[in-house]
Every structure is written in C-alpha cells, then in structure tokens.
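Just below sit the structures, each encoded as structure tokens.
One chain, chain A, appears in both complexes that follow, with chain B as partner in the first and chain C in the second.
Take a look at the complex of A and B:
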C-alpha cells in the first residue's frame, strides 16, 4: 500500500484523491461491466472470485505489514493475499490488487514502466479499492444513533467490510470535499492514529460478528491442484506431473503446519 | 571419459563437418534389443557420425546385460561415446554459469527440482558465486534427484537420464551448432521429450541464449522407428502385424497429417495398435514423437 497515512498527511491524501477521482470512478464502472457478469452482490465475494479466476494464492504470512502482492513472472501475473491478516484487510487488499492486476500500467507493460509515480500508483490502487467497497458511508455514519464515534466507525467497518482507516479516510473525504463538516473532520483527525486496540472485543461488545476482524488463515494455492490433476489425467505417461502434484501437496502441508504455530 | 579423450571429442565436434549425432536413451536401447533380429544395427545407426550416451543413462543401460551388449556391439559399426556429466563443463568451455542455466531449464518441468536447485545449489547467491561445478553436480545427483532401490541393489535416480540427455543435447545444439547438422534423441520417454521442449521454450526467451545460433533437436521414438522402418521396407508387410503386436503398446503419439489442400493438421492422441497399423499405411503422416 501507499505511504503510511496519519492524521498529519490525511489532508494531502485527500488532495491526491481529487486528482485521480474521475479516473478511478471510470475504472470502477469498467470493472463492474467487464468482470461482474454474474451480478455478484457481495463486494467481498466479488473481488475474491475475480482474483481466483486469476489463480489467487491465499497464504498466511506472519507479517502484519504485508497484505498482498501481484507476483509477475514473464507474462504471468498471480495475485497473493496474506490470510494471517484480519479479513477486513484481506477484502481491502483484494480490491487493491485487482487494480494492479487489471489497470496498473507499470504491470501491464512487459517492460517495467519506470515513468509511473509509484506513490501515486499505490494511492490509485487504494482509492480504487475504497470506491469498490464503499457506498455512501457518510450517510450511513449519520444514520447511526450511537453517540460514540468509535462505535459508529466500527459499525461502518462491519457494514462495508472495510478496515478502520479506510472508513475514516472515506468519511474524511466526504466531510471535507462535500459537506464542509468541520466537526466530523476534527473527530477523525483526533482518532485517526489511535485505532482501538482490541477490535475483536469491540465487535463482540457491539454484538457484531467478530470474524471480520480476525485472520482467516486460508491456504489456497491458486487452483494448482486441480490444474495438475487434470493434466495428469490427460497425460498418464508423463511422470513429472505426478511429481509436481506430490510436491504441491508437500508444500501445502508444510504451510498448514507452519500456520498451526502462529494461529494459536 | 576424461582429459585427453574429452579434448579429442571437442576437437571432433569443432572441425566444421556437418556432423549427425544421435543420443540414446535407455528405453530406446531396450526396444532396440527386442527388435534386433528384425532390423540390424547398421541400418539404424550408419547414418550417424557419432552415438552419444550420457553416463547417467549408461548406468541404467548397464542394469541389463542385453542392453549393455547391444551398445558394445554397436561400437563395431559406429563411434559410440559415453560422456560423464562432469565433462559437460569442458564441453561448454568452462562457462559454469551457462551450464547452471542449462541444468535449471532442463529440470523446469519438475518443480521440486527447480526449488532444490535454487535452495541448495544457488543458495540465494549470484550465479557467479556458485560452488565449483563438480561439487554442485554431486549435490544435485545425490540429494536432488529422487531415488529408488532396484532389485539388483543399485540406487536409481529418478529423471537423471532424461535430464542429462536434455542438457547434453543443448550443449551440442548451442556450443557446436557450426559443425553439427543433426541432433537426434532416440527416446520413447515422454518426460525426455517434455524436458527438452520446456527447456527450448525458456532458452528461446533467455537473454543469454536467445540470439545464438543453435541446431534443432529432434526425436525418434519407438513408434517413429517402426513407421520409418515400414516405409524403408525393413519390416515387410506380412510381418508388420506380428511386429507391432509383439513390440508396441497403446501410446500417445504427437504427429501431423497433411490434408487434401496441403495444409497440416497437428494431433496428439492415444493410439492403440489397430489405429497405429492404419497409420503405418498413411504416407501423409509425420510422427513428431
């Protein structure tokens, strides 16, 4: 993701968003037309199903700063998502990676395009993700009766399946660019750098499904198993497919064993 | 084969003559021993200037006295050389990094081997810092290749023969293209074919190799040989049914067929003996593998 966003640079982020807003809205429309032919309504399901068609690898990695990536090898691009991160991050990362997979010019060209401003590029991916995830979060926020700011934000997280900061950035943008809502703006700035520590407990207290803020630890190797099984069937006289199948299973078991360690 | 004889071979391969080289795989040798009564060695091999067998294949050949004696008899008709994999380095003029890539690419179909090579041989270092070739070749052979104990007590290394054949063919193809016209692998092992094909795909894209001239590598599978022998009249029509029934099983064949308008159709199909006998009558067919 892009540079670490804090209350200090939040305003600049909104300025940057202004520059790319039209572009990103165009891409979100394009995405819906091109990739959501089956009319999937859950945004979390949609992003994962599209990524899975592109051999998404889901793997838990013990690194809280590593959300995912697109691994490129020749012309092949494979999205990877870290499932040791809470699901809300995974959902956001999924959309972020979809931007890179389909719209990122630096990845689209065969040669790496160094003319692309990497920082702005990451901002584009984040903004694309936000635009795919959020509806009118500002209105939703104000429709909530709760007095407590954090409780309302958590309810927004729950409804949009979005990370804490993503909710705040989206609210902030609306407050600043559309409604000139100084009060909300101040509140966001005040809380932006202090994410509640125990989100799981907060979700439970608010009678929400806390699975959303827990890791999923899913291990999935991009449909490779099925692919190898089918070539094994087609080419019974080739032994290396069997070897590769065995190797894949060994790897998968190894990963799963490793996960048992840090899932506890 | 060491020192002197290796240099002799290099000289021979560099004289600029249009050499025709045949590389033998173990499974083909086995097949040839079966059909020895029907087709004499000379007819099969006289067109080649040299017959090469990598050491790892030779080890497999030696598991059977029949195969071993076939090769020994072959020496009366043709120049047969067994090449130790250690000597591949001499053949590539000590370009160790390039040899490393040839190994890597010829193993590319087996993910476990690629992972082994990167982890235990390259060890995250630049390719210039590799251990000496002989050392890492030993590690690759002893620890990288899967092993199985044969009934005769010998430890068989899985895919060793196929990989070695693929590497040797690319060494000949890229380093001696000026003097070699033909490199033909006698093998019916689909793995050998796939290892060679995969490596070709990568070498054609690799900056180190892509613009270099190279001799193409072709195959003669057992089915190919039967087809060829029928055409050449080495097996007569009355015997062909018995011949095919005795020495052939249902197998996947890659071939092309010329259509009425001369366009070419590609096929890759499981062919049983009945269908194969039909194919033998059809001169519009070219067997690829």
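Take a look at the complex of A and C:
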C-alpha cells in the first residue's frame, strides 16, 4: 500500500526521493533502452503497450482507492488496472505497476519473501512513475500565463497526463531542491490537500479535453480469450477448454453488466 | 475406507478437491458442471463446511465417479502443483485503514480472482 501523501509529510517524501533518485533515473534509462525499441513517444501509450505485451487485465472496479496491481502466481505476473478510475490515475498507476513488474525485488522469482521495506518500495514505484511521466514541469508551470495557481496545475495535468498530487509533488521537489522557490513551495503546501472537487468542469472551463479526468471503463482480459481459443483448436477433444472458454465469456458479460451499472 | 472417515476429515478433503481442480485444468465453474454439483455447494465442500453426512456422501461420490478415484485416493491426494504458488499482490492502493469495499467492488474482485485462475491454467 502506498503511503497517503499530505501537506504534513510532503517534505519527508522529498527527502525519501533524494535517497532513491539516482537509482530510479538509472531504471528509467534502462526501461527506455530495453522496452521502447519502437520509439513510442506518448508516455501513456508506451506504458499501456508494454503492459499489454504482458497480458494486462483492464477491469472497472467500483473503488476510489484501488488503482491496480501486479498479481503474481508461480512464475506468472499479471498486471491489472482499474478502469473505473479517471484515465489520469490509470496512466500513473500503469507506470507504477511497470516498476513492480520489471524492477521490484520483492516480486522476483523465488525471492519475493525477502525482507523489503514496503513503504520505500511503494515510494520507488511512485517515483519511477513520476520520472517516466514528467519532463521539466517546473519550467512548463512558469511558462503559463494564467495567474491562477490551480489553473496552471490543471494545465500541467493536461500536458503531462498526470494526477493533481503527482504534479504538485514534482513541482514541490523542483522548488525545494533546485530553485529554493519559497513562494511556489508555500502555494503548493496551501493547496496540496484541497484538490479541486469538480475537475471535469475545471477542464471544460479551461477548454481542455475533460476525458482525461473521467474513467474509461475499458474491459480487456489480456488476450486470454484468444489463448483459450487457440488451445481449443489444438485440442478439440478436450472438453474442459470449451467449458473454460464459456466460463470466461460469462465472466466478461458479468463485467460488462457491471459497467452498465456505472453508466446509470 | 468409509465415507464417514472422509467426512471426519472434510477440511482436508476440501483442500484435496481444490487441488484436483487445479491439477486437472478445471475452474470451479467447469468442475461444478462436470460433477453436477452446484457452485455454492462446491464452495462449501472445498471449505469443509458441509455439515450433513448425507449431503457430503452424495457429492463426494459424484466427484469420485468423475475422477475415477476411490475414497483412499481422495483422502491421500498429493497435489501436482507447486504449493509455493500463492497469490502475491503489489498493489496501488491508498485506501485508509478502515476503508471497506462496496458489494459491487467485492463482486468484481471475485471475477478477477476467477480470471487470474484461468491465467494460471493457460499461461504457466
């Protein structure tokens, strides 16, 4: 479980980030070299395309806190994203899960029982996600003409496709560790715990695409359907593959009915 | 070996039934259809929660018949799968400690568990 970051522990979070910064920058470079051979440029597209290669399950779960998971069973690791959360969270969670999928020592085969500081492990995953998403958000923030602090933050959310708090943490880190920008630091602390209530309307008012702050409700079972179909073709006499396939379709229908419930 | 002995060890029998399901590539649902045991009853059998000897006998006989096993083989069943393959989660979850999942979310997690079980069957 990630620690809940508030204005009270924001400075400690930045201190923790200092400890892991070099490691995480190394991993972001490693990721780009190893996993982005096709040169995908949109960070949102890149994270999802890599997760899909690893049989990503996309499922809408009616819970505001549960963003996703890597479920490991034996030798398999299955990434899961909750598509009932706004897309902007999904993009962040996708990078967070990529850290767990490829770099999390506690989930390595045969070693997932080793003692790992889970709080720091989650901070690593969040920091990895932030470093994959953000370019120079501090400069971008100051390039905006808007006087209103929240409007500027929302425009940063739009450009980097990042959640409200993630933008503020990144700005805070730059303000504190690089520029000694006391004014921005205080503004962030003042607004950190008061995320705007109606982000959709805020996006519309600023003439931005509000789809970013809405759920996508995508349902995807990561290629399992095709996999079972191909096994059925190879083994036409084995009846339980057909049973399993029918069962999978039943599950998919149940999920889709759940989605209809969300829309009402 | 008597069915009464199996009934006395019904928790162990439940575990063995679950191992038979996993080892042979069934889901609980497909196994329920195969044996003609309803899904809720199968769940109770697996948890060792069937308290009526008559009901227990009826359903265990169905399982023995479809699996071509006798009572002794069921009681002493050795799983083929690696017992270490427990589910491990790396979660993105900021829920406060007292947060409870709503029934819709619980249902969706149940579905997710079934899907993950199928992943285990087809990708391991």
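In the analysis below, the second predicted complex is superposed on the first by the 259 of 264 C-alpha atoms of A that agree within 3 Å, B and C clash if a C-alpha of one lies under 4 Å from a C-alpha of the other, contacts with A are read in each partner's own complex, and residues count from 1 in each chain.
Here is the rule we go by: contacts are C-beta pairs under 8 Å (C-beta built on N, C-alpha and C of every residue); 3 or more make two chains touch, one makes a residue touch a chain.
Everything numeric here is computed off the predicted structure, so don't read it as measured data.
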item: Clash or fit (per the criteria above) of chain B with chain C on chain A; value: clash
item: Which of chain B and chain C A:248 touches, first, second, both or neither; value: both
item: Partner chain(s) touched by A:74 [first = chain B, second = chain C, both, neither]; value: both
item: A:231 touches, of chain B and chain C: first, second, both or neither?; value: second
item: Chain C versus chain B, contacts on chain A by residue; value: C
item: First, second, both or neither for A:240, with chain B first and chain C second; value: both
item: Clash-bearing segment of chain B relative to chain C, given 58-66, 94-102, 184-192 or 274-282; value: 94-102
item: Chain B/chain C common contact set on chain A; value: 74, 240, 243-244, 247-248
item: Complex interface listing, chain A residues touching chain C; value: 1-2, 4, 55, 57, 59-63, 65-76, 78, 80, 93, 96-97, 100, 104, 106-107, 112, 125, 221-222, 224, 227-228, 231, 240-241, 243-244, 247-248, 250-251, 254-255, 258, 261
item: Complex contacts: residues of chain B adjacent to chain A; value: 109-112, 115, 146, 158-159, 190-191, 194-195, 205, 251-252
item: Residues of chain C touching chain A in the complex; value: 24-27, 29-30, 33-34, 82, 84-96, 99, 101-102, 104-105, 107-109, 111-112, 114-116, 118-124
item: Chain A residues touching chain B - in the complex, by the definition given at the top; value: 74, 235, 237-240, 243-244, 246-248
